Amino acid sequence: MEIIVCLKQVVDPELPLREFVIDPATNRQVREGRPLVLSTYDEHALEVALQLKDRSGAKVTALTLAPRATIGDAVRLALAMGADEAVVVDDPRSPDLPGAVKARILAAAIRRIGRSDLVVCGCESADWVERVVAPLLAEELGAACVTFASRIESADGALVVRRQSEDGFHLIEARLPAVLSITSDETNRPRLPKVKDIIAAKRKPLQILPAADLATAAGETTADGVEVRSVAAPERTARCELLPGDPAEQAALLAQRLRELKLL
Amino acid sequence: MPGVLVIATAPEGTFSRSNLELVGGARALDRVLGAGVSAALLGGGGPLGAAIETLHQHGVPTVYCVDHPALGIGQADAFLVAAEAVARQAKPDLLLVGGDTVGREVAPRLAHRLGAALVTDCVELAVDAGAVVARRQVYGGRALAMHVVHRRPAVLSVKPRSLDAAEPAPVAGRVVDVTVAIDLAALPTRVREVQTEKAELGLEDAQTVVGGGRGLGGPDGFKILQELAQALGGAVGSSRPPADAGWVPISWQIGQTGKTVRPALYVAVGISGATQHVAGMAGSRTIVAINRDPEAPIFSVAHLGIVGDYREVVPALIAKVRELKGR
Amino acid sequence: MAVWLSDDHRMIGATVREFAARELLPIAADLDHTSRFPAEVIAKAAELGLLGLTVPEAYGGPGLDHVAYVVAHEELARASAGFQTIVTVNTSLVCEPILRWGTEEQKRRYLPDLVSGRRLGCYCLTEPAAGSDAMALRTTATLRDGIWFLSGTKIFVTNGAEADLCLVYARSEDAPGARGISAFLVEKSFSGVKVGKVEKKLGIKCSSTTELIFDGCRVPAENLLGGRGEGGRIALATLDGGRIGIAAQALGIARACLEEATAYAQQRQQFGQPIANFQAVRWGLADMATRLDAARLLTYRAAALRSAGRPCTQEAAMAKLFASETAMWAAHRAVQIFGGYGYTQEYPVERYFRDAKITEIYEGTSEIQRLVISRHLLAEA
């Protein structure tokens, strides 16, 4: 089975709040000088792909859309965890592209890579959070689609996938080829790479494809006609009131406040 | 017909309140756009009469009804086919889709097939100079992105519990039955099984919610939170890490992947607020945060904060709450 | 610090930090309270290659340089100093001397197992009457019909209870001091060796520290490590590497103190404000951070020299001396910043205080390190 894992590098979402700055010129978070990591759910997607590889000997290709200069540890980590090779589509515009445009470029790259039975992505990116790449990739590739999948229960020519729902889960049968978006659960916690694999990852094939070389489909995407006018921290009418004192005093103050607010 | 088309779903006889949130949102847009509100009611395997009546009672005159056994719980591909059929017949300017599990999968694919514009997981909808303005949460809930939609048709998926549900406003209604051919066996995906884990105390409806995060250190920390919730008369939820680690059931998870709650009081304990959890509870009226880390992002969304160790603060708080309530 | 580290070092550090966060941090306090040997975490560490970081690929290890070793071990010790002790002994005091002095056969027989966790190593040098004066050891080794017979008692053996492979120093030649000593690779399964007293310690409690009693222990001739009478040299050279490992341990402990004290100082309020506003506290944190960085640089230097195959005795001694004293000082300061709470088990700083102390003692006390350094200075070595 040939599996492609779509990985996105994002600014570390765990950075302290003071490092979070929006650039009004691009309406995106400032990336300069901040460490890039694999988007949270993409790591889970990679883990799901690697578990399939462990079970049934699939080949796993890591696919990233990023400006060449920013390819850092994230891609190497994917190779260290066990991806067999990496393909980076080099597009200098890419960090700020809308998901629909990225899906189109990724679809072209996937067609170029050749046969793929299964494409997995994170269910949402840790930064722009549109949740559109997997469904739109499925449309572009004419593949079956299951989003918010947490586990692949079996894979014999077709997939049985566990999809998380509001109050439990659904078991979905999906035909191949399929595109899955992956959410986290106890069974897909990303593995730690072995130390020797971190070193060996440098020797694994890493192919750089200029985006301009891809036969990307023409025509409007769902992002056309949608303008991002601003990105701003939401208006907080009241700042947080930090309650002073030792724990007993803090608790007493809080109880009193809640009573004043008629919440008790 | 032009105007706003609400995609309401009623699989197997259910009719979620989020359908009425979509109607509320549609009517609010229509007050400015004035081109009318209609609804597609997609369901099957259960009677749809009551659902149709509810829509009429809440201000939707025209209901395009697709009643097909393939439209069961979780059957995203079937809902996609049905929604597309209604959209091609009704030719609306705007389509509102609920952001539940199936809706999130359907909305982008529907937009693609219709050649429509798309904004997902909107938390606010408005009209400005004739264009639809949609806001959605980005960067783990730290910021709101404002999108202006200049193109029609446009598909807007709406985050559950973000818009106010429609108030009753009975209108004379008509039903347009739409026949759609859906061959379940031919769909690329099919639901084999649906499993429900009963959530504690109706988390989404509770007026007070106590949420626990990674800072609790383990499942045992949730015991003291349950005591606090009990003292406050509320429910217990969690951020993502405890659910991922198996400390609590997945159904307790509040966040972008998880439930959205809007209680009057939300107490976040040991939750950093750095991830998408905030997106699931930021609409709460009063937010209290208890965390050891003074830099935790949760303090930027909380109204009241305690920088401290929950193991000391929460027991003291429970005692104080019981004391005050006992009076 | 980033300028001193390569991409490899950074990625390895990040991976080990994540490993420590998942596997060690949640249980570190419990390991200390129960003195439990964390066998399941050792097994997971082995899978990642952490038990023998500097062992070359030919023998199953990742073949990392010593700077990577320091980076990784600082992360382990930051989470659990006791855990790191177990690993550093296995790597620096057992794997490395086998690498340097072992025959090809000995390397093939033991190194892959020490790396994979199938065997755990321990180092048997100290005796009741031979501590700092290690070369006065009295355990005897007598050769009869091609078999060595070892008799004597070793004490303060880290991993003594769990180890399968012991590197044992015994007097084999009729010569006093270092020149009379040989080194032997003794498997616990050989007859005549048993674990004696298991010490109850002040700190690093999850690692076992025991007596090992050799009573006519039969060791095949091919288990002599290096040449006869070379044991003294082997012991001293091995300690250079071991000292780098202990320096790394001290870095981890000191960093834990700095991080915990910094967080606490921002959270704890007295006199209406966080105590981080008070100059005495701020200066304490500044000094902790500065000394920690200085200790790191000394340790990286020693590690870099060792990786380059250059002599590093003095540099390793300086690193171990300074890092261990920094850890002890930082732990003292941290407990003081925490005040009364720092004295209780609610917070980890009391454990850091107890764990830090050993770094000034084992693998050469601070007094011995000063001796080594001054000898080099005065060209007496």
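Labels A, B and C are assigned to the chains in the order they are written; within every chain, residues are numbered from 1.
Quick note on the criterion: a contact is a pair of C-beta atoms (placed from the backbone, for glycine too) under 8 Å apart; a residue touches a chain by one contact, two chains touch by 3 or more.
Just so it is clear, the structure is predicted and the values come from calculations on it, not from any experiment.
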Most extensive contact between chains (C-beta pair count): A-B
Chain closest to the middle [Cα centroid of all protein chains]: A
Centroid spacing, where centroids are CA-atom means, of chain A and chain B in whole angstrom: 21
Whole-Å separation of chain centres (CA-atom averages), chain A against chain C: 40
Whole-Å separation of chain centres (CA-atom averages), chain B against chain C: 54
Touching two or more other chains - residue numbers and ranges from chain C: 269
Multi-chain contact residues (two or more partners), chain B: 295, 307-309
Touch list for chain B against partner chain C, complex: 217-218, 292-295, 307-309, 311
Complex contact set, residues of chain C against chain A: 7-8, 10-12, 14-15, 18-19, 22, 47-50, 53, 57, 61-64, 72, 269, 272
Chain C contact footprint on chain A (complex, rising order): 73, 76-77, 80, 192-196, 198-199, 244-246
Chain C - residues contacting chain B, complex: 26, 263, 266-267, 269, 274, 346
Chain B partner contacts - residues on chain A that touch it in the complex: 13-14, 16-18, 20, 22, 27, 29, 40, 100, 123-124, 126-132, 135-136, 138-140, 143-148, 160, 163-175, 178, 183-186, 189, 220, 222-234, 236, 238, 240-243, 247-248, 250-252, 254-259, 261, 263-264
